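Structure provided below as structure tokens; questions to follow.
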Amino acid sequence: MISVSVNGYGTIGKRVADALSKHPDIKLVGISKFTPDADARIAAAKGISIFASKENHDAFVKFGVSPAGSVEEMVDASEIVIDASPDKKGIKNKEEVYMRKNKRAVFQGGEKDNIAEISFNARSNFNSAKNKNYVRVVSCNTTGLCRIIKPILENRDDLEKISVSLVRRGADPNDSKGSALNSIEWESNSHHAHDIQTVLGSIPIKTTAFKAPQTLMHVHSISIKFRGAAPSKQDIENIYSKESRVALLRNASSTSDIIEKARDLGFARNDIFLVNLHANTIISDGNELSMVITVPQESIVVPENVDAIISMVDLMDQKRSMELTEKILGLGNIKSRLEAAFA
Amino acid sequence: MISVSVNGYGTIGKRVADALSKHPDIKLVGISKFTPDADARIAAAKGISIFASKENHDAFVKFGVSPAGSVEEMVDASEIVIDASPDKKGIKNKEEVYMRKNKRAVFQGGEKDNIAEISFNARSNFNSAKNKNYVRVVSCNTTGLCRIIKPILENRDDLEKISVSLVRRGADPNDSKGSALNSIEWESNSHHAHDIQTVLGSIPIKTTAFKAPQTLMHVHSISIKFRGAAPSKQDIENIYSKESRVALLRNASSTSDIIEKARDLGFARNDIFLVNLHANTIISDGNELSMVITVPQESIVVPENVDAIISMVDLMDQKRSMELTEKILGLGNIKSRLEAAFA
Amino acid sequence: MISVSVNGYGTIGKRVADALSKHPDIKLVGISKFTPDADARIAAAKGISIFASKENHDAFVKFGVSPAGSVEEMVDASEIVIDASPDKKGIKNKEEVYMRKNKRAVFQGGEKDNIAEISFNARSNFNSAKNKNYVRVVSCNTTGLCRIIKPILENRDDLEKISVSLVRRGADPNDSKGSALNSIEWESNSHHAHDIQTVLGSIPIKTTAFKAPQTLMHVHSISIKFRGAAPSKQDIENIYSKESRVALLRNASSTSDIIEKARDLGFARNDIFLVNLHANTIISDGNELSMVITVPQESIVVPENVDAIISMVDLMDQKRSMELTEKILGLGNIKSRLEAAFA
Amino acid sequence: MISVSVNGYGTIGKRVADALSKHPDIKLVGISKFTPDADARIAAAKGISIFASKENHDAFVKFGVSPAGSVEEMVDASEIVIDASPDKKGIKNKEEVYMRKNKRAVFQGGEKDNIAEISFNARSNFNSAKNKNYVRVVSCNTTGLCRIIKPILENRDDLEKISVSLVRRGADPNDSKGSALNSIEWESNSHHAHDIQTVLGSIPIKTTAFKAPQTLMHVHSISIKFRGAAPSKQDIENIYSKESRVALLRNASSTSDIIEKARDLGFARNDIFLVNLHANTIISDGNELSMVITVPQESIVVPENVDAIISMVDLMDQKRSMELTEKILGLGNIKSRLEAAFA
């Protein structure tokens, strides 16, 4: 059993903690919380051990949620820490806590890539995390794109250029700081291209990012240019039908439509974990292939965090780890039912 | 077993169908759908019989979802029809279908109150639906307000005036027509006051309605003036702690915060079914009591539809029917866990 | 003086009417309104003659805005009618009114292109409207793209492929029906590509459209592939610095930022009329050129409607007409001040 | 001539600066900016002197907008400083700059009321700012409510209780941090009640605040209880028809509708400056009066800042100052044209 704790209990942290607690080879030491609030109560009700800073200990007790110990103690008890703290705080945690305590850690994509020895995507470079001490799971958008691009790279060696327009969600559903309420923001040459290269190497890619006042999912328009003829729509469907972390949807045409069905199908938290490839948007035209994908930003990196741990301790090979992670998360069920709904 | 069908499979219809299929004394004949779409596939995957108009039969077959019959046949096979068709279509269905076929029906709050013999709220006037042929379950906002006002009326006979400001959700989460994107609309003397009176009689009430571009829940600010001293905050908490369809929440302060917790707690579809009374907003000041409530517009009328059927056929008394409905929907669990999270 | 009326007084109609009333060679007969409302009062206060259907005449009088006559009379008094009626109503007006009365008309881009003899963009095909009876001014998005693509076509004959991702505004600022409140919708192979071809001929172009819940402007990401080396960033700036209906902005990065400045600069109605090319997004990389543009959907087609009239009656050549239109709308001033703000 | 500078050039600062520059008895020394950006360019283009911190001087020069001096120098050259810095920064400016330099200052409503000797609303307590050194103009919501409540207090001495539900805008139009995108937040017993009492004394008032994801205006539902019979609708219209800073609108029913008309009527920046009382929402019922008002949050405090200066230096009496301020801002014109549009 690998002892793992989750440092930070926000959108990512709470989902990863739930996943870890279902993994047969992982022991969830607990999670850390800064503020005593409803999230703490829900974690406690699930039987998850909560660790708080020493200064906040009394506030937690008074709130009715007694900490199992301090954050330091949580880290001490862990072999690996999943750092799910807010953007840019991971580097501070690494330097001030994990390195001093000689603890291994998994960081999230909001951190700079040089925080870790490698940037990780289970489908793309599972083995490269082996025996590493610091691994960074790339962000939701990058994870989605890696799952789409990697199979293309395995099938074709004449890729000329990938162009992606990302229409990002403005903020997560319960983010009170939000983003501009009535505006579209843009960034040409966005950082996503570089981030994909941290996983897939120096592939030719350019990304343009937009931010829209919507909370549900990111949406990408992808265009891939080949030196030879582009794969046919059927080729593409064949390629992705074998991908366990890609859902092939037809007939969906908005983020709210997909989330509505995730609710109707009873997915926990409406989480999808998969990147959705919209089959009705696949166009193969001469040397160019284009398609639209949607990225459930809250949940897509959850399986990647689990696999990162397994790879770091070299417990299983890629195939077995991914299958096991998918099994505990019910990804096969989610994939088949969502695909059936949008068949 | 009472044979019931659901005519219309939108926000309300799909939830009522799920509830009916769990009821030990009700046989769900099936649901009607106008368009072959993802909702039809999901219903079929759940084993629900789908009925379509004769004109659309072939389109459904081609889509891969074979209708169990025509809508006419569905109605013929039903003792009672839950009419969950879009606003203002119920009256047409009544005149052209239900009356001709001599079928009893339950309508929704989007219809005018004179469509039915009585307007119904399980907590307020359960018995008045007995042996009626046409019953109207009042709208989500009215249902929430009835659940709050009725217990007050039972405890006090010196109510002078109720004033409510309703901040309504602009549209349901997956409504593509939506409402104005960046605007607040208002209506003084809104129809809600009258609608409450269709259930509770001529109580003195005035409602002002706002509409805001948000999809999650309605929020009401309620002010109740008494001729004598208003009940204390503790009195109010005592009164509502006995109400099985009211959740007493502390510390919640936004609709997104509550829905986030509904997701974290794993409620199916994030549905709450309850009206939430926000204990931290209760103010008792002289003769006046004020408080904020939230109304989950998609699900709150679901138990009311079930109870309406039971009352119409006089199968059980109010207490037993409400308890059974709450049991099949898991309301006790939802209430206790939500209250614990926001304790 | 050319007698022109504006049939329909919504977002486009009211702006075109204002423009026509300033044109030295055009006599604005008046505008038609269906409903007596605040817009009617404002038009009347400006001294614009209002025409209403005969059935609504009394309602207008009662409202305090006396119609100058019926819509039929307005059309009779006009040489050319600007049809600014809601989408898809223009075809009915054409068949039932304009053709019967032998009147020439200008339609908007919401109508199908076969409603008219030619689809029009002043910069791209001014002369083709000469002596035509039915002309269609293409939609806001198409107008913006034509203004950007036409100069490229004039400079280069080795264009291989244009790809555009359009992030459309969900609805206009005061549209009470709006669009989905919390969703991104998408359409691959959107109709915009074809619409551009109605003006520019069979150029190789593909468009993907998104719709986001924001009211201010459309935003496009454009990628142009050449067979030879792409123009440099400086080449592109040189080309567009000569375009009177393109603003070259630096440092702007959101639609709200631009509209805020339009307000600060005192532009009437915050209208910009220009397509904004964001210089800081221009990337020239090998054979590919990419850039972001913003399209003020409410006002961009206004100058096009004016020029269409001038071309139809062959009153001036393209250069003189465009310059005069720009002068009456103050486009030179808007362009230079907006460019100075975002220099 | 009173020398006045504006410290901070955001939503309020830029509007106040424009107003001051039109005032015959005020000399605008200049404004301070922290960041060299488009706002700085627009101010410079208007001929406004820009002052920057010494550290940022070179960045401004490089940006092409040369500062007229340092912020310290700006304050030195001013008799009174309008502090329009971000919320809660005014207190720091007061202690570190204005007090040390012995300079008088006007603060905004985002600061605590104890920052100043008095909290100010021109209509309510103009004279109390006379000869004061530190004056606080109350916030937009409080300003709107004072303009509405003060005339009632002058007409009636039997006011029993005021209850207000405020549906606040989530963020200003170009605020990139925004607020929650898809949520309604609430606060019972909001601070607004206390804030009104800082101007009007200990009147009995309770406020409940909501925040909605919309940028255009605040909307309030006001209920006033009298011991005697409430004024009639006609009484109320008579009272407010004499108020120069209240617009009496009929037929408006949404914030976007009003702003659309402000655009159509050509108001600079779409600014209204007035509080809008919606005549069609006035209900007089027994002892209770209720009505809906809208508060243009960006501009409503602008005239108040001007009048505060005039009162502080005791240059004119209330009537003359308010009339002059209204004249330079064109309030009479805005009021009459907006009222005519919504007549």
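Which chain is which? They are A, B, C and D, in the order written, and residues in each are numbered from 1.
Throughout what follows, a residue touches a chain if its C-beta (ideal position, glycine included) is under 8 Å from a C-beta of that chain, and two chains touch if they have at least 3 such contacts.
Please read these numbers as outputs of a predicted model, since none were measured by experiment.
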Measuring between Cα centroids, what's the chain most distant from chain A? D
B-D compared against B-C, more contacting pairs: B-D
Cα centroid separation between chain C and chain D, in whole Å? 36
Would you kindly tell me how far, in whole Å, the mean C-alpha position of chain C lies from that of chain B? 45
Would you give the residues of chain D that are in contact with at least 2 other chains, written as numbers and ranges? 173-174, 176, 180-183, 185, 213-215, 254, 256-257
Please output the residues of chain C touching chain D within their complex, sorted ascending. 14, 37-39, 41-42, 45, 64, 173-174, 176, 181-182, 251-252, 254, 256-257, 259-261, 263-266, 268-270, 337, 340-343
Hey, which residues of chain C end up touching chain B in the complex? 170-171, 173-183, 185, 213-215
Using the touch definition from the top, list the residues of chain D that touch chain B in their complex. 161, 163, 165, 167, 169, 180, 182-189, 206, 208, 210, 212-217, 219, 221, 223, 253-257, 278, 280-281, 283, 285, 288, 290-292
